[in-house]
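Next come two complexes built around chain A: one with chain B, the other with chain C.
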Partner chain A sequence: MYDPTVARLTYRALLGRRRALILGALPLLLIAISVVVRGLAGADDQTASDLLGGLALATMVPIIGVIAGTGAIGPEIDDGSVVYLLSKPLKRPTIIFTKLIVAIAVTMVFSALPTLVAGFILNGNGQQIAVAYTVAALVSSIAYAALFLLLGTVSRHAVVFGLVYALVWEALFGSLVSGARTLSVQQWSLAVAHKVAGGDLVTSDVSLPTATVLLIVVTVLATWYAGQKLRSLTLAGEE
Partner chain B sequence: MAVEQPVPTSAATPGDQTRIHNIGYRNYDGPRLGRSYATRSLYSQSLRGAYGLGRSVKSKVLPMLLFVVMCVPAAIMVAVAVATKAKDLPVDYTRYAIIMQAVISLYVASQAPQSVSRDLRFKTVPLYFSRPIETADYVRAKYAALASAMFVLTAAPLIVLYVGALLAKLDFADQTKGFAQGLVSVALLSLLFAGIGLVIASVTPRRGFGIAAVIAVLTISYGAVSTLQAIADAQNSTGAIPWIGLFSPVTLIDGVQSAFLGASSAFPGAVGPTNGEGVVYVLVVLGLIAACYGLLMRRYQKVGL
Partner chain C sequence: MTTLNIDHVSRWFGNVVAVNDITMTIGPGVTGLLGPNGAGKSTLINMMGGFLAPSTGSVTLDGEQVWRNEAIYKHIGIVPEREAMYDFLTGREFVVANAELHGLGAKAAQKALATVEMEYAQDRKISTYSKGMRQRVKMASALVHDPSLLLLDEPFNGMDPRQRMQLMDLLRRMGDEGRTVLFSSHILEEVEQLAWHIEVVVAGRHAASGDFRKIRRLMTDRPHRYLVRSSDDRALAAALIADPSTSGIEVDLQEGALRIQAVDFGRFTALLPKVARDHGIRLLTVSPSDESLESVFSYLVAA
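Moving on, here comes the complex of A and B:
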């Protein structure tokens, strides 16, 4: 199910040349802001929770997830070079699975790791906040990567749709319509984080069993459907 | 077998042997429309392209959808104001763009790369420069086109609000003043956002990556700045709030308009910049716009050669 060559190619497509630097700029910014906030406000659990929840989990993880998830397959389909990959004797689900693993790994490294570091800088893991948000970032990395990888195989405008989901649906509608929060990767991962932290600082609108089930269902379904989609891929010309 | 060439009979000089035969093609003797015409054409093509006009149906969907999403809340507000016979519109002209910033960011993120990244990827930039236009013309045309498209996007809801306000018989002088202030503010916003979007998009030939990079710069800087401002507000260090606001495009525009255009600030605690700080805001905005233009010029000095 895992092909090292495909994985190597995907890593190079995602992190090759100067792309790793651009991806690395976001985590560095988060850590820099944490240092500034710690200097400005001192160690405060509420502040740490606000910053990690608002900036790291709500903005950074989805954006890195969009870049890694769609970037793992989108550009190849876009410029047509995916046919060289598809013509090799590899199962299409294997290709998708490998790319998913790579996308998850990249998202985790560039979002969950800095979340942990930022959490420790902000309040030294007081009330388990750093660990809780790191777990949330890890969990949501998996779901986002699977979801956006699927988008990459379905649409040529995957990045835009991914960002519309992440920014408009989760952030805007999530804050206006409470029902939208049930259908949000962010809230599902917060439910897991709530279980880890145990306190009242990290809360979610979704109960843990629902969240776990939905996370698994979305990840598995998205991966399966992306594999199906790749089996019957038609290469369209540039619009 | 080489056929023996017939020896030229006349004693012509060697220079005469090589000549291009005139086989009767006509020369072009119509008007040469020149550099400014080509620039104008590029401008109008780019402006139309920013709304998907002259492109496929699929590429019309997103910009048109975003345009509608921008205008619908304004129409609803107007309808409410007319129906309830309100004394004032529910939202200031200057505040509208700040509220709808997610839509504006999405628009610039999706259209800036389509304006310049595709030219880079399909290597059509050298073709442009084989025409009479020069680097500066290309940059100016693209920048002006995207800024105009952004202005259309941000000014249209203001027009809806203004017309609605007049229909609801609100105070004419008051509304006109607010409308004019709003237009100035969205013009600045269009120039700033278009510049930032184009600079980022012109670096990468990959459209998807460009979109993500533009949106990351716009939203993450705003998220970071507003978080820091909220913390500064909670710490009662209100003096720091305006200075933090200098670091993201949206808060820059917010600062300029609350200092000079009579807007109420969206900063935490509604602490807008004072007039002195407002001058700094204006200078930073103008500096950023000039810097974007300069960077674009530098970028296209040696592209595709």
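Moving on, here comes the complex of A and C:
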């Protein structure tokens, strides 16, 4: 199921100079803001939770997910170099699964890790807030990577759609319409975070069992469908 | 012995028919797929390589379906036309990766790099390669698993004459070894120099098939049209029409020229200056009016 060569190629494409800069910028921004907030306001649990929930989980994780998920396959399909993977006796689901693992790993490293660091800076993991949001970031990294990998496989405008989903649906629409919040990777991961932190600082609109089932279903379905799409991917010629 | 069978294959994109009911069999040796730009060659090669589903008909390799059959790539090597190829890798890393994806190791990669004579630049990044070097590394990646069928889409595009000759030698060798090699080109001379067998595609249709000499003859024996201006058009017309190499002459008063249709190309080109000299007529303009490749091809379609 996992092909180390596909993984190596994907890592190197993803962590190429330009993309690595974008991937690194957001986490650095989060940590910088955390340092400033801690310096100005001191350690405060509510502030820590607001910042990690609003900036890290609602904005940074999905954006990193978009870059890693779509970037793991989109550019290869766009420029046609995917032909070198497709012209091999490799099962298409193997290619997708491998790229998913890479996208998950990259999203986790560039979003969950800085979330943990920011959490410790903000309030030293008081009330388990840093750990809770880190777990949420880890969990949502998986679902985002799967969703955006699928998007990268089926659409040439994956980054745009991904950002619209991440910013408009998750961040804006979700805060206005309660129904939208139920269908949000962010809320599902918050349900897991709530379980870790306990208390009322971290809350979710979705119950833990529902969230768990939805996370698994979305991840598995998106991955399966991406594999199917890749099996019948059409490489149009220059004509 | 590897045989690629294209059986009543059509492919359309929306309302546009790119490939129209083509049937051909590609056997061992070098076959050239010839046609003008936009004729459907790439669409056809994409279907042969399993990257595009035929709308109707089937493409099979020794009886096995090509579309949605990953296992078939054990036998197929593909050199795509597009340039993109993991530019951040070195040539060696790229070919090794291709070998690994076939379940092979660095040894197979090294052998393929030696075959295309790219060892000297194998540790440079692909982004620094010239067009010809890229083409050769692509070739190495296609050869790494010793495939019995090699598909190349416009492999000579943008190559300088020396690189072109090297690649031709290589493909010739592949054909001599009994591999089935198919390459596409829109340049007749390229195909003529290399292919044992030619398939001509024009406007999505299969226009001709066979030995290149036969097709070359079809192409040169077609009626040629010329626009000729001289010091005495009517006298020249009268003298030319007496010879069987000319089938029709029109005096174009507006243009102030003769429009001549010649049926015997070789004879006519020898005749024209001789007749002019014998009659003391000065030739001012002699220009072929339908020498574009497209007109050559469309003649073939009609033939």
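Keep this in mind: the second predicted complex is superposed on the first by the 234 of 239 C-alpha atoms of A that agree within 3 Å, B and C clash if a C-alpha of one lies under 4 Å from a C-alpha of the other, contacts with A are read in each partner's own complex, and residues count from 1 in each chain.
By definition in this document, a contact is a pair of C-beta atoms (placed from the backbone, for glycine too) under 8 Å apart; a residue touches a chain by one contact, two chains touch by 3 or more.
Every value quoted in this text rests on a predicted model; they were computed, and no experiment measured them.
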item	value
Partner chain in contact with A:Ala180 - chain B first, chain C second, else both or neither	neither
Which superposed partner A:Met60 touches (first chain B, second chain C, both, neither)	first
Which superposed partner A:Val6 touches (first chain B, second chain C, both, neither)	second
Which of chain B and chain C A:Lys91 touches, first, second, both or neither	second
Which of chain B and chain C A:Leu172 touches, first, second, both or neither	first
First, second, both or neither for A:Val83, with chain B first and chain C second	second
Touched partner set for A:Val117, first chain B, second chain C, both or neither	neither
Where chain A meets both chain C and chain B, residue numbers	238-239
Contact set on chain A toward chain B in their complex	19, 22, 26, 29, 33, 36-37, 40-41, 47, 50-51, 54-55, 58-60, 63, 66-67, 70-71, 74-75, 78, 156-160, 163-164, 167-168, 171-172, 238-239
Residues of chain A touching chain C in the complex	3-6, 8-9, 12-13, 16, 79-81, 83-92, 231-239
Residues of chain C touching chain A in the complex	13, 18, 37-38, 40-43, 45-46, 49-53, 68, 70-74, 76-78, 80-82, 84-86, 88-89, 97-98, 100-103, 141, 153
Footprint of chain A on chain B - complex, ascending	55-56, 58-59, 62, 102, 105-106, 109-110, 122, 206-209, 211-213, 215-216, 219-220, 223-224, 227-228, 230-232, 234-235, 237, 240
